[in-house]
Structures are given as C-alpha cells and as structure tokens.
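These are the structures, in structure tokens.
Next, two complexes with subunit A in common: one pairs it with subunit B, the other with subunit C.
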Partner chain A sequence: MIAKHNKERAAKGALSLALLIAGSISAFIFFFLLYFSLPILSSGLIGEFLTRGWDPDRGVLGILPMIVGTVYIAGLAVIWVTPIGIGLAAFIQLFAPKPLGRILRWTVEFMTGIPTVVYGFAALFFLVPAMRRIFNYGTGLSVLTASVMLALLVLPTVTLIAQDGLATVPSNQVLAAFSLGASRMETFLHVVLPGAWRGLISAVVLGVGRAVGDTLIALMLAGNAVALPDSLLDSARTLTAHIALVSAADYESLSFKAIFVCGLVLFIFAGSNIVFLRLVEKLKK
Partner chain B sequence: MAEDNIKMAIKDLDVYYYERLVLKKVNMVFRNRELTAIVGPSGCGKSTLLMALTRLLDTVPHARVEGSVELRSNDQGWLNVFRLGETDLPSLRRRVGLIFQHPNVLNTSIFKNVAFPLRLLGLSRQEIDSNVRAALIDVFLWDEVRDRLDSPASELSGGQQQRLCLARTLVLQPEILLLDEPTSFLDEDLAGKIENLLIRLKEERTVVVVSHYNDQVLRLSDRVYRLAGNQQESN
Partner chain C sequence: MKLLSHRVLLAFFWLTGFLTLASVGSLLIFLFVKGVPSLSLQLIFGGADPFRALLLRERVFDGLFPAIVGTTAVVVLSVSWAIPVGIAAGIYLAEFSGQNLKKIFNFSFDILAATPSIVIGLFGLTVAIFLHQHFSDRIYPCLLTSSVALAVLVLPYIVRTTQLSIDAVPHSMRAAGLSLGASKLQNLYHVLLPSSLSGILSGVILALGRAAEDTAVIMLTGVVATAGIPGSLLAKYEALPFYIYYISSQYTDQKELMTGFGAALILLTICASLFVAAHLLKNLLVHRLRKK
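Up next is the complex of A and B:
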C-alpha cells in the first residue's frame, strides 16, 4: 500500500516536473522574444513597424508585407483545407465502407509523418510548373501555389481532429436518425454535424495554427517577394519565411533584431489560438 | 408465402459478430393485425434480431447476417430486406419502425425530435405541427410537455423520453412496429396505458414486442416466440 502510494507520488512529481519544464520553456521563449523586441517596442515605432514595408537599405524595417503574405497564404490554405478535411473526415467516419475507411485513416495518419521538405520538393517539380502553364504568368512561385501545398500539408491535421470530433457524437443518436428513415447524408447534416461542430472548430483552429506556423512550404513555393501581393499569382513572403531568410543571412544588423518582433507576433498568434481553443472546450461542457 | 396476412417472414436467419454466431436459424412470421411477442433471457439476441430486421446491423462493424427477411409489399409482392440497396433503406425503416430499449432522443428540443422524420419527408409546417401534437397525445405525453416543446428532450425523465421515442416513430405510421422493451422505464399506470395503445395500434398494423415481463406478454400477444441461448426455442 505504501509502495503504491510512493509510486503515485513519484508519477505525480514527474508529471509536475514535465509541466514545469514545458511551461518554463514557453515563458522563456516569450520573454526572450520580448526582450530582443524591446528596442523596437519601446522606440514608439511599433505602429510604423507593423504598417510599413521592408527595405533595410533605406532603414525601413516594416513587416506589413509579411503579415499580409501570411494572412493570404495561411488563410487561403485554410479555405481550401476546411471543406476537404471535414469532408474526408465525414467520409471516413460515416460514408465509407469500414475497410476503406480504415485504409483512408491509415493513409492520412501516414501523411502526418511525411517531412515538409518532401511536400515542398514534390510541389517544385509538379505543382509549380503546372501553375506556370495553367496561368501563363510569372514563375509559378506564388501565393496560390504555396496555399495549395500548405493545404495539403495541413490536411491530415484537420482531417484527423475533425474525425475525432465527429466520433464524439453518440452512436445511439446516429442509430436513432437511421431508424427514423434518415439517409447517411441526412444523418450527417441533421445529427452528426450539429453534434460535432465544436470538434470541427477545434480542427480548423489547429489547422490555422499549423498553416501560420509552417516555414518551409512558403519559403520554397511562395517566391519570397517583400511586397504586398496584388493577386494570388503574385509572389509573397510569410513571417516565418522572413525569419528564416533574415536570420540565415545576417546576425548583427538592425534587420536581424527586427525579426524578433516577427517572432513575437507569431507567438502571440499561437497563444491566441490556444485561448480560443480553451474557450471552445469550455463551450463543449 | 401462403398466408395472406403475413407481413414479414424471417427464414433461417443467422447473425454473426466476427465469426461468433449470435443468432442461429431464426424462423418467424409477423402477421398483420397481430401483436407478436419475442421473449427470452438477457443477451439471447432479441435486440440484435430487431436491428437485423431494419438493416441497422449494417452500421455495426463486424456484424454479418445470413438467411432472408421478406417484407410484404402491396404492389411488389415480397421484398427481400437483405437485398435492398443503400438508397432503399430509409424507405424500409419508415415502413418498419423500431423503438430501442434505451431511449435515444436526439440532442435537440422535444418538438424537433418528433418533427425530425416528418421534416425529412418534406411535410409543411402545419402538417408537422398537427402530426407532432397527435403523436404526443397518443403516447400520453402532450399534457406533460405542451408548455415546453422547445426545451431539450434530454431534460425529460427516462419514461418521458421512452414515450417521446415512441411518438417519434408513430408519426411515420409504420406498417410494422418493432418495440424493444417498450415499458421498461415506465411506472405501472403508464405501462398499462402504453399496453392499451399497443392493442389499439395492432388493429391496423403489425406489432412486435420484445419483453421480459411474462404477464405482459400473456396479456398482449397473439403469438409468442421464445429465444434461448442464441437459438429459437419454440413458438
């Protein structure tokens, strides 16, 4: 009895320690970003920083094009992936014959393990030339190309979480709908979807987080132009790609210091996502 | 099928979960304007049988059926339930209504629960209102819920939910009514009223009741089938 009690205390201690380490690392990153962002935050130029373009040679260090590039690329990716991801989740959960559903689920799970760079390379060889041919415009490296590939990258996250959300609808409710003469589609629309909407929102929000946080796809496929894109076929740069490009080239300049604010913006966005998810969780109860 | 008043005929029905035989060689007939009782100990497969008759076992992973279930169709003669395609199943389930042992109200209001199958049929608001009201009166629930039709159905007591589920199936006016322990959540008085309702219902349709109350079975039924183990014992 005492040994069991000690084991429980040890397990509780180990979990608390893990929580403390994870929390400390997050807090450390936040304060690290905040500290290095202070020169810009305290200069009174934060407004300009967030609303101007990027031209370090002329001393202009605004990140507006990168914020817009991130919103365009991640936003479009989420627009593509939401209906496809939820549709695929619904197909696996409710419509597909069980063996096919299992195979699709394994495939989607497998997709989560494919390195991002592989998606990027595949797109460079297939999607970029295709976009160039279809639209006969530019290099093919564009907001549209990056958003399509980013949607594919985020698809497994949205699909798996959406399917888990759909699975939370009690099976007796589904059976009740079937027994009253509802078809599979009617059961999905009238019973499953209303019962699972919170889980589906969680899936989309996590998909947004994944899309905004991804670096490589935008870096490889968006063209990285530091300008506000006029159309979906224009090149653009995301905040994450900007951080990667500037930090790879330069360690000392003011531009390097400016990218900490980009990091802070992303960190605050990720934090907001978590808060939003917690609110949705509360609604579930 | 020789007898004119047979509505459904089950022939050599086997049900398997994985490779385990849970129902073996079930042979039954359900007649028009008769109340048939199916009795047997817990776990002998009574509920599974009802699910098989409405093809709801299709939704249960690793469940498999063999044999045949024939449903009399006025214009098409006999219809083999197991040969119906996916698109024919809603129509089958409207003709053969199943009320589960445990009330499974939809996660919506009292009114919308009963209105749900009617909305699927595309009835007008007026038709829906009058049908919902009639069904709730039939199951003796109207007086208890008339002032709170928009309240969540999940807030009703177990007995009220059971009657709500009965009303929800009755609005479809199924030709065959399959009821799995229809009075298990009800007190004696309400159980008596529901029994009377079943007697009234059998005057115009086929009623099949799974029950473990022997006195109820004797009181109500025109025909009794007994399942024991996984096999039909006698009738």
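Up next is the complex of A and C:
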C-alpha cells in the first residue's frame, strides 16, 4: 500500500516537473529577450532606435523601416484576408451546397499542411514574374506581392476559427429565424453574425498574429530593402526578415544586439494579442 | 423578394470559394508541372550509387539525400525531446491541476504558440552562443540546438492535443475505473490514456509536420547549405526547407532551379502525408467516442 502510494507520488512529481519546465519556457524567452535588449533599452536611445533608419556602416541603428515594413505587409495581408476568410467561413457554414462546402473545408484544412517555404518558392516563380509584368515596375518583389501570398498563408487560420465561431450560434436560433420566414442571408446577417462576433474577432486577431510572425513569405517575396517603402510596389523588410538576415559574424556588435529588440517587439505584440483575446472571451460571461 | 445587396454578398461568398480553390489548385498544379519532371533517383542521390549512399558508404554531393536525412534527423530528434515533456505536461493539466494553475499554464502555452518561430530561432541561437562561450568551444549552432529549438516550437501543440484528448474521454468511462477502486494513476494508465491515444498521436503527427516544414527556426540554429550527412549531434546539417529557401535566392542555373522544384515537391508530399495521417487518426477518435 505504501509502495503504491510512493509510486503515485513519484509519477505525479515527474508530471508536475515536466509541466513546470514546459510552462516556464515562454517566460524564459521573454526575460532572455529583455536581458539582451538591455544595452539598447537602457542607453536612453530607445526612442531614436525605434524612429530611425538602419545604416550600420554610418553607425545609425534604427528599426523604423522594419516596423513600417511589417505594418505594411502584414496590415495589407489582413485587409485582404479578413473579408475573404470570413466570407469563405460563412459560405462553407451556411451557403455552399453540402458537397462543395465539404470540399472547401477540406481544402482549407489541407492548406494548413502546406509548408510556408513551398508557398514562397512557388510564388517566387509564379506570382513575382506576373506582378512584374502586370505593373511593369521593379523586380516584382514588393510589399504587394508579399501581402497577397501572406494573405493566402493566413487564410486557413482566419477561415477555420471564423467558421468555428459561426458554428457556436445555437441551431435552434437559426431554425427559429428560418421558421419565421427569414431567408438564409437574412438569418446570416441578423442572427448568426451578431451571435458570432467574438469568434470572428478571434479569427482576425489570430490572423494578424500569424501574419506579423511569419518570416519566410516576406523574406522571399518582399525584397528586403531597408529603406522606407514609398509605394506598395516597393521592396520592404519585416522585423522577422531582419532577424533572419542577421549576419552573426560578431556577436558583440550593436547591430547583433539590435535584433533582440526586434525579437522583443515581436514577442510583446504576440503576447498582447493573446491578452486581448482573453479579454474578449471574458466579455462573453 | 431578394435585396440587391444580399445578392451581391452571396456572389462574394461564391467568389471566396472559387478564389480559394483556384489559388490552391494553381499553386499545386504549378509545382507538379515544374517538379515532377525533375523527380528521379539522380535528384536524390546525384552521381552517387543509391545503395552505397543509403548505406552511407558513398557521400552524395549533388543530390537531396543529405537534406532528406538532415530533415528526418532534426524532426525525429525534436519530437523526441518534445513528446515526453509535452505529453506529461498535458496529462498533469488535464488530470491533476486545479483551475487556477490550469489558467496560468494555458496562458503561458498560448503565448508560446503565438511566439513567431524566428524569435524561437533567435532564442536557440543565443543559447548556442552562450554554451559556446561558457561551456565548450566545440558547441556551435548545430543539429542539437536546432532540434531543441524546434522542440520548443512544437511543444504547445503536443501539450494542447494531449490535454484536449484526455478531457474528451466521457465522464462515465472515467468514473467507472475510479469506482472499481483504481487509483488516479491506474485509471490514467489503463483507461484514460488508451482511449485518448489516437488523439494524442494525431497531435504528435501534426507536430512532426510543423517541425518538418519550419525554416525560420533552423536557419538561425545550425542548418547550412552543404554539410553532408551529420556525423554527430554537434555537427551542422542540411534540411529540405532550408535548401528550398537557399536555392530560391542562390540558384545559378536551370538545373539547380529544377532541383529546388523537386525538393519543394518532396517536402510538400511529406507534410501533406503527415497532415492526412493526423486527420485520419483524429477522425478515428471522434468516431470511437461517438460509438460509446
């Protein structure tokens, strides 16, 4: 009996140790980013750092172009994907003929399994030349090209979560609306949509997080110029691509330390998205 | 009586469906048309003899074999680190933890899942630099650091699916074991785990796919364009996703470009098969639970 008791306690101890290790990783990442950003954060130059351009040869280290590049590329991707993703979710959930809806749902789920680098590679030889020809400008590597592909990458996230949100509206409410003579579209607009707004917000917020956090699409398709883009057809660099492009020849250099601030900005953004979603969930109750 | 605005909206919904099928379809067709002609034994083994290469007797210089081996090694290693920790953490959260603890840890895992993979790669790189400076000169970004960083990347998926699969076991089954005098641990081992196994396994397979496709983490933590078959955990290695990225920016001739298409097609096939396998398993679980 005592042996059994000990075994139980040992097993529970091992499980809780695993939980402690796994659960503290995100806090650990936060503190490590903070620690390595300290030289820049504590130098009193953080304001300049966030508002200046990037030119290490002249000693100018600012990440403004990368912040602007991220906002442009991810923001534009979200503008494309929000109506399309939510529209597709509504189509699958309510309007598509059953077999077509099933095929679409399966396709969208399958898209989550397509490697990001494969999206980027295919776009590089398919979309980029097309963009170059259509706009007859530059190399085709641009904010616009990257944002279109990024929208495709984020589409499954938005669609699947939005559809789950639409599905949470109780079916008796939907049926009640039908029985009152409401058309499908009226039911969607006046019953399903108002009942599912939290799910739709989650879908968009997670889509934003996914778009901001992705590296490969922007790295491969946006051209990575460090100047501020003047138009959507210009090249730009995101925060994630900037981290990826670091040539870590000198780990002590200030330009290497600068990428930790990029990492910290990305991490804090991801964290605040999650906090925001928690707050939205709380509103439910 | 249908409003015009309703008709326009409905047309837009149809358009989203069409757009999705058309873009995914054209992407896949493009890859197949470009990639299939390059598929051959030579694509994988280059000029080397396939059998001798498989036995590691002959080094492959101009084929994908080292990248395939590297990807397999880093994925299997990373999931082997993540499985014990992730499943154990998931079990504890599902069965032993109080509500408050559950909330705190789930919040932490949500944040980890939302952390961009390049940030996790940066984390791995810094750990490698730290170890190099403070423990041993022999440690550089390598297979080991990559696999640990990838394990961090997939950990939240494994924790989540484990927790959800155990939570999904019907209350009646859970209570039956306990009422027969089983301890919590016995109930876990003999009732809960067997009935949630396919769900947990589908999570593990999704994690395999996620680790296999990721490029951002490994490009900072040890992958290189040419390394051959890694000889130890501390060696540099090649990987399919990084090779695809590398070729896309560095190709010098048509032949290299075609190798890139071949690699993209192989990686796509690997990830798609893992994805389908995970879904079949998940459906199996759903069906079994419905029957009960």
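The rule is short, and it goes like this: the second predicted complex is superposed on the first by the 259 of 285 C-alpha atoms of A that agree within 3 Å, B and C clash if a C-alpha of one lies under 4 Å from a C-alpha of the other, contacts with A are read in each partner's own complex, and residues count from 1 in each chain.
One rule holds in what follows: a contact is a pair of C-beta atoms (placed from the backbone, for glycine too) under 8 Å apart; a residue touches a chain by one contact, two chains touch by 3 or more.
On a predicted model such as this, the values are computed, not experimentally measured, just so you know.
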What is the contact status of A:Gly181 with respect to subunit B (first) and subunit C (second): first, second, both, or neither? first
Contacts of A:Arg58 with subunit B and subunit C, given as first, second, both or neither: neither
Touch check for A:Phe260: first (subunit B), second (subunit C), both, or neither? second
Looking at A:Lys282 after the superposition, I want to know if it touches subunit B, subunit C, both of them or none. Which is it: first, second, both, neither? neither
Thinking of the overlay built on chain A, is A:Arg133 touched by subunit B (first), by subunit C (second), by both, or by neither? neither
I want to verify the contact counts: of subunit B and subunit C, which reaches more residues of subunit A? C
Using the superposition on A, tell me which residues of subunit A are in contact with subunit B and, in the other complex, with subunit C. 183, 186
Give the list of subunit C residues in touch with subunit A in this complex. 2, 6, 9-10, 12-17, 19-21, 23-24, 26-27, 30-31, 34, 84-86, 88-89, 91-93, 96-97, 104-105, 107-112, 114-123, 125-126, 129, 152, 155, 159, 183-185, 209, 212-216, 219-220, 241, 244-245, 248-249, 257, 260-261, 264, 267-268, 271-272, 274-276, 279
What residues on subunit B touch subunit A, complex-wise? 54, 56, 59, 61, 86-87, 89-91, 93-94, 97-98, 100, 102, 104-108, 116-117, 120-121, 165, 168-169, 172
Could you pull out which subunit A residues touch subunit C in their complex? 4, 7-8, 11-12, 14-16, 18-19, 21-27, 29, 32-33, 36, 83-85, 87-88, 90-92, 95-96, 100, 103-104, 107-122, 124-126, 152, 155, 183, 185-186, 206, 209, 212-216, 219-220, 240, 243-244, 248, 251, 259-260, 263, 266-267, 270-271, 273-274, 278
Interface residues, subunit A side, partner subunit B - complex: 98, 170, 172-184, 186, 190-191, 194-195
